[in-house]
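Just dropping this structure here.
Letters A, B, C and D name the chains as they come in the text, with residue numbers starting at 1 for each one.
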Amino acid sequence: MVPLSYYLVLSGILFACGVAGFLIKRNIITIFMSIELMLNGVNLSFVAFAAQWHALSGQVFVFFVMVVAAAESAVGLAIVIAVYRTRGTLNVDQVDLLKL
Amino acid sequence: MLHLIVFSVFGLVCVAGAINLLVQRHPINSALSLVVVMGSLAVEYLLLGAEFVAAVQVIVYAGAIMVLFVFVIMLLNAGVEEHTKGSRVAMLFGIPGVLIGSVLVAWVLLQHSGTGSVAVGALPGPPKVIGWLLFHDFLLPFEVTSVLVLIAIMGAVVLASHPAEVQQSAQPDEREG
Amino acid sequence: MTPNLHLWLIPVLPLVGAAINGLFGRRFSRQTVVAIALGFSGTAFAVALWVATQASFLPVLENLAPWIRAGDFQVDFAFYLDQLSLVMLLIVTGVGFLIHIYSVGYMWEEAGFYRFFAYLNLFMFFMLTLVLGSNYLVMFIGWEGVGLASYLLIGFWFTKDSAASAGKKAFIVNRIGDFGFLIALFLMIKHFGSLNFVQVFRIVSGLPAEVAGAGLLTSIGLLLMVGAAGKSAQIPLYVWLPDAMEGPTPVSALIHAATMVTAGVYMVARSHAIFDRAPQALMVVAIIGTLTALFAATIGICQTDIKKVLAYSTISQLGYMFMACGVAAYSAGIFHLMTHAFFKGLLFLAAGSVIHAVGGEQDMRRMGGLRHHIPWTFWTMTAGTFAIAGFPPFAGFFSKDAILWRAYSSPYGSWVYWAIGVFTAFLTSFYMFRLWFLTFFGEYRGEVATSHEDEHSHAGAPASHGHGGIHESPKIMLVPLVILAVLSVCGGWVGIERFDKFLSPTFHAGATGYSAEELSASTPAPQPKEQGGSEALFTGISVVAAALGLFLAWLLYYRRPQLPQEIAKALGGFYEAVVHKYYVDEIYAAVFVKPLIDGSTRVLWQGIDRDVIDATLDNSAEGAREVSDAVRHMQSGNLRSYAGWIAAGAAVLIAYMIWMGTR
Amino acid sequence: MNLGEFILVSIIKIVIAVGILLTAVAYTVWLERKVVGHIQNRWGPTRVGPFGLLQPLADGVKFIFKEDLLPPHVFKPLFIAAPMIALVFALTSISVIPIGNWVTVFGVHTPLEITDVNIGLLIVLGVTSLGVYGVALAGWSSNNKYSLLGGLRASAQMVSYEISLGLSLVGVLILAGSFNLREIVDAQGGTFWGFIPRWNIFQGQIVAFFIYLMAAYAETNRVPFDLPEAETELVAGYHTEYSAMKFAMFFMAEYANMITVACLATLLFLGGWHGPHRFGPPFVQAILPIFWFVLKVFVFLFIYIWVRGTLPRFRYDQLMAFGWKFLLPLAIANLVITALIVALRA
């Protein structure tokens, strides 16, 4: 028996790592990965809560999160490619103008 | 007891992967750390009984999304991250904010750790039942997400496709090769 | 079974004409414009005539569409035709149509030909809406609309400063009157819950008459009178009408003599149920009318501009009409309204013809001896002059005599009204014959009309004619003159008794609460106050007064033309005052306009607008700019900074939620 | 079965399975060289042992003793890790593949696979989908343009064809109603009218089978979809810089994957270990299912080699167009039709 809160704390740590990655990292792709990390942390809490409350809809939500994450990463990575093509850099600190 | 050990081992792997993601300066290392995180998360899902979710986690996240990341990293030949000082705000407010927030949440959660606990395989999520839920209770969201995915596909194609003139000049080269 | 009279056709037809001419007229030839304008107004006149043949079905209520529905309050687009509106309808369409015809000749050379006819048709539309409206709000549409059309037409030569100013003056002065009218409407909505003539009058006739004190009905009546005074140029709001003569002469004839200015009279007559219940208001109407009649007549004596004389004469005659209404002799007022429309329209058109003949000159001192040059104009003008002076058997005699008699004999009347009325009749006769003698008799005092264009181009009248010498107007102008002259002669033969009888359904309908005495007030039945025989005596006195006026004019302006100067010298200051129209414009300027401008400038503009409103906005804009200057650094475009703000904000939120949860 | 026994049995089974698999890999290589040689009108390996049967052993010894080159410009950690990743995932997927029914050996009742799980098929799919990392990372870490291009091609190709592959399996899943490979095989037992086996390929999944076949070739980077290692344009693709044991790992991973795919095809479409009526003594009866299974896998592998020996290579854009514009719609159509038929029958 593992307390539910352990799972939640683990998910919280993952989420916090994701946020921290967003703040620390300069590479757009890594920042993107941080977002995925946050989503994973949320998924873990979904599944943990599902187990806690014996409600399978928690697991179903994970699927939706995954689908959205997949769509988001496809579009996001396409944007990254477009950005790299026009700016020649992946450093977010150098991509701070809306218009070139 | 075994449950706690397995949970702790893979939880630690998870956290280590996540921290490695932050520490590594090369994006491909970060990506691989993320794959590790996802893999150990799949194990955690298995511990909770969500076998289908675990499998899908591996297939979709590790097998598709992260491959896409690696692919883009390879395509753009992304190098080691430069350390530019772009944002004081992120350092002054953001990092403390994250720390405070996560510590607070963890504190609150651990204060109430006695309220609930889960056993191994607490809630089995067999594919059949989950499929039933998806196609009955969640039919509308399911269809909406399918539309979302379609839009995302088209958006990705449009965004990543070359401008017309580049494409024209690129095509003959391909034929020669 | 009431036939469907299609009343809506009558106003809509001119509107269609106005729309076509106004929108596309620029590309049409003059002939097309004329065809459209005359076609639509003529058809409207024809429909009005056909409607008149159906008079046995009156009154008719034609509900076209709901307009406002708010709780119990309801206003519809509805037209109402009874005997009163029928008379007005025929006057407006008939005289209007004649003046349309006249305008074709008069305006032929003008640049904005299509525009003129579009405005004229537009005016017809609004005037007919005013006349036909079944409630005060529809009437108000027309009321405002004719004001607009009047403004547009006075300022027709808008490149001329005086014309533009005159248009604005008319508009602004009318606003003051409309203000009163509107408040009266609000009072009606509040207290009667309706603006419908029928409903309002039914409610009003159920109320007791307010014999003393200023109650609700008196207030409404007085406020309505303010509106009427504005539109019909009564004291103290008459000042716009003389200036309105800046407009083309047909406009002066149609709007500022025959139709629009009588709208006030029509409105008072229409609201007779209210005034009957409010004797105080009625008395005010009578006093204002009487004073205006006298006052304007005295000014008219000294004017030298032919159109200005006619303008003051119009004001004076309108005063007569109000006097009639003020003594509850509504049918007499409407009767005079009708005959006045004939002869004053005629006089204006004839004056236009004179101006046309002498090439734009309007000053009577430079005319003279024109009767041989323009005989048609002379004879028609003669008919009009005798009509307005009140010589039998011309139209003016009957109507004016009716008013004077009623002013004395009505239960609301008094010998004072009558005395002033007779004196005014004498003055009217005098200044009209003065005009007549100065214009048509004696020697021609103007310059030889070969190069008159430069000096007269100011006059606004068609100065650009490329003709030389004094000449008669074209036939298209003379035909309306002749028709109107015939009407001026014969128009009064119908007689006040028959007119009374015709209108009696309007003025006595719904008056169930009337006492017998009041009922008989507007009928020629023997009065307890005076024997019937004395009416002939009164008639005789007024005819003598008119003849006296003729004689005096003949003496002063034909027999001994140098005498007026001597009299003027003898009168000195008084004469000066009259020439300057009693300095009313100057007084208004000093009392109202200048304080208003000063107040607006110093307090509203420099004080409130600039230092308070502008300063508030400027300062807040400046403050926003400064704050933005400081804050915009947040929006650096740096993704990680944004994320930092979000993270910090989320931490604060989490802390707050936990704090709230653990309390 | 207590924990110790469980661990012991598991270890034994793992050792046996890996041994069998590696042997099978070695002899698949031999088989390929022989068959292709005969197709090309030559003998193939003949010198080492009879019919060259010891050739795989010799090759193994050669790979082990060869110098392990480490080029100077490579990204070292990943360069070393990549072949391991590839081989590990290739070998892992065999763990949930059953080769026969439950048996009792020395009093231990156990299935003929390392572990029997509910979502076996999903695990196979997941693990094979991870195999792409080996190829991709190898290509990237070599710091060589040919390798990089090979790696890029491999990852794009494998991700693309994985979709068709997965969709082609859904029809089977609908028929079986389970992710458990054993249940899927069991659902294919018996015959129609006494002579047609109830294999999925005969239950209307023939189209799905061919989709699977083509997608599997692409997944394993085999001819005609071997663009990632196209010798004529990319030298050797992602493993250009590899030599000795590291190269051997890629090599083994490729053939292990082939075997996995063949096993999967056998299990899902060809009825698994089901065969004609049982005959012979009890021992033979016990062995027969395994024999049928191996036979089917062998046939599938033979087709693999046969195709390699006869078909030319695709062009890369043709490969992508084929995958996205032909296979994927076809797989979706097959899925929809299957679902409709099942729904109507129900």
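The rule is short, and it goes like this: a contact is a pair of C-beta atoms (placed from the backbone, for glycine too) under 8 Å apart; a residue touches a chain by one contact, two chains touch by 3 or more.
Everything numeric here is computed off the predicted structure, so don't read it as measured data.
Chemist: Going by the contact rule set out at the top, which chains touch both chain B and chain C?
Modeler: Chains that touch both chain B and chain C, as defined above, are A.
Chemist: Taking each chain's centre as the mean position of its Cα atoms, how many Å separate chain B from chain D?
Modeler: Using C-alpha averages as centres, the distance is 28 Å.
Chemist: Take the average of all CA coordinates in chain A, do the same for chain C, and state the distance between these two points in whole angstrom.
Modeler: Each chain reduced to its C-alpha mean, chain A and chain C end up 79 Å apart.
Chemist: Calculate how many whole Å lie between the centre of chain A and the centre of chain D, each centre taken as the average of the chain's C-alpha atoms.
Modeler: 33
Chemist: Centre to centre, by mean C-alpha position, how many angstrom separate chain C and chain D?
Modeler: About 103 Å, centre to centre.
Chemist: Got the chain A residues that touch at least 2 other chains?
Modeler: Touching at least two other chains: 19, 23, 26, 92-93, 96.
Chemist: For chain C, give me the residues that contact two or more of the other chains.
Modeler: 636, 638, 640, 643-644, 647
Chemist: For chain B, give me the residues that contact two or more of the other chains.
Modeler: Within chain B, residues 52, 56, 64, 68, 73, 75, 86-87, 90-91, 94-95, 98, 101, 105 contact more than one other chain.
Chemist: Go ahead and list every pair of chains that touch.
Modeler: Contact pairs between chains: A-B, A-C, B-C, B-D.
Chemist: Can you tell me which positions in chain C touch chain B when the two form their complex?
Modeler: 634, 636, 638, 640-641, 643-652, 654-655, 658, 661-662
Chemist: Would you pull the chain A residues touching chain B in the complex into a rising list?
Modeler: Contact set of chain A toward chain B: 1-10, 12-21, 23-27, 29-30, 32-34, 36-37, 40, 43-44, 47-48, 50-52, 54, 56-57, 59-60, 62-64, 66-75, 77-82, 84, 90-94, 96.
Chemist: Which of the residues in chain B come into contact with chain A in the complex?
Modeler: These residues of chain B touch chain A: 3-4, 7, 11, 14-15, 18-19, 21-22, 27, 30-31, 34, 37-38, 41, 44-45, 47-50, 52-53, 56-57, 60-61, 64-66, 68-69, 72-73, 75-76, 78, 81-87, 90-91, 94-95, 98-99, 101-102, 105-106, 109-110, 112-119, 122-123, 125, 129-130, 133-134, 137-138, 141, 145, 148-149, 151-153, 155-160.
Chemist: Which of the residues in chain B come into contact with chain C in the complex?
Modeler: It comes out as residues 86-98, 100-101, 104-105, 108.
Chemist: Could you please specify the touching residues of chain A with respect to chain C in the complex?
Modeler: On the chain A side, the touching residues are 19, 22-23, 26, 31, 92-93, 95-98.
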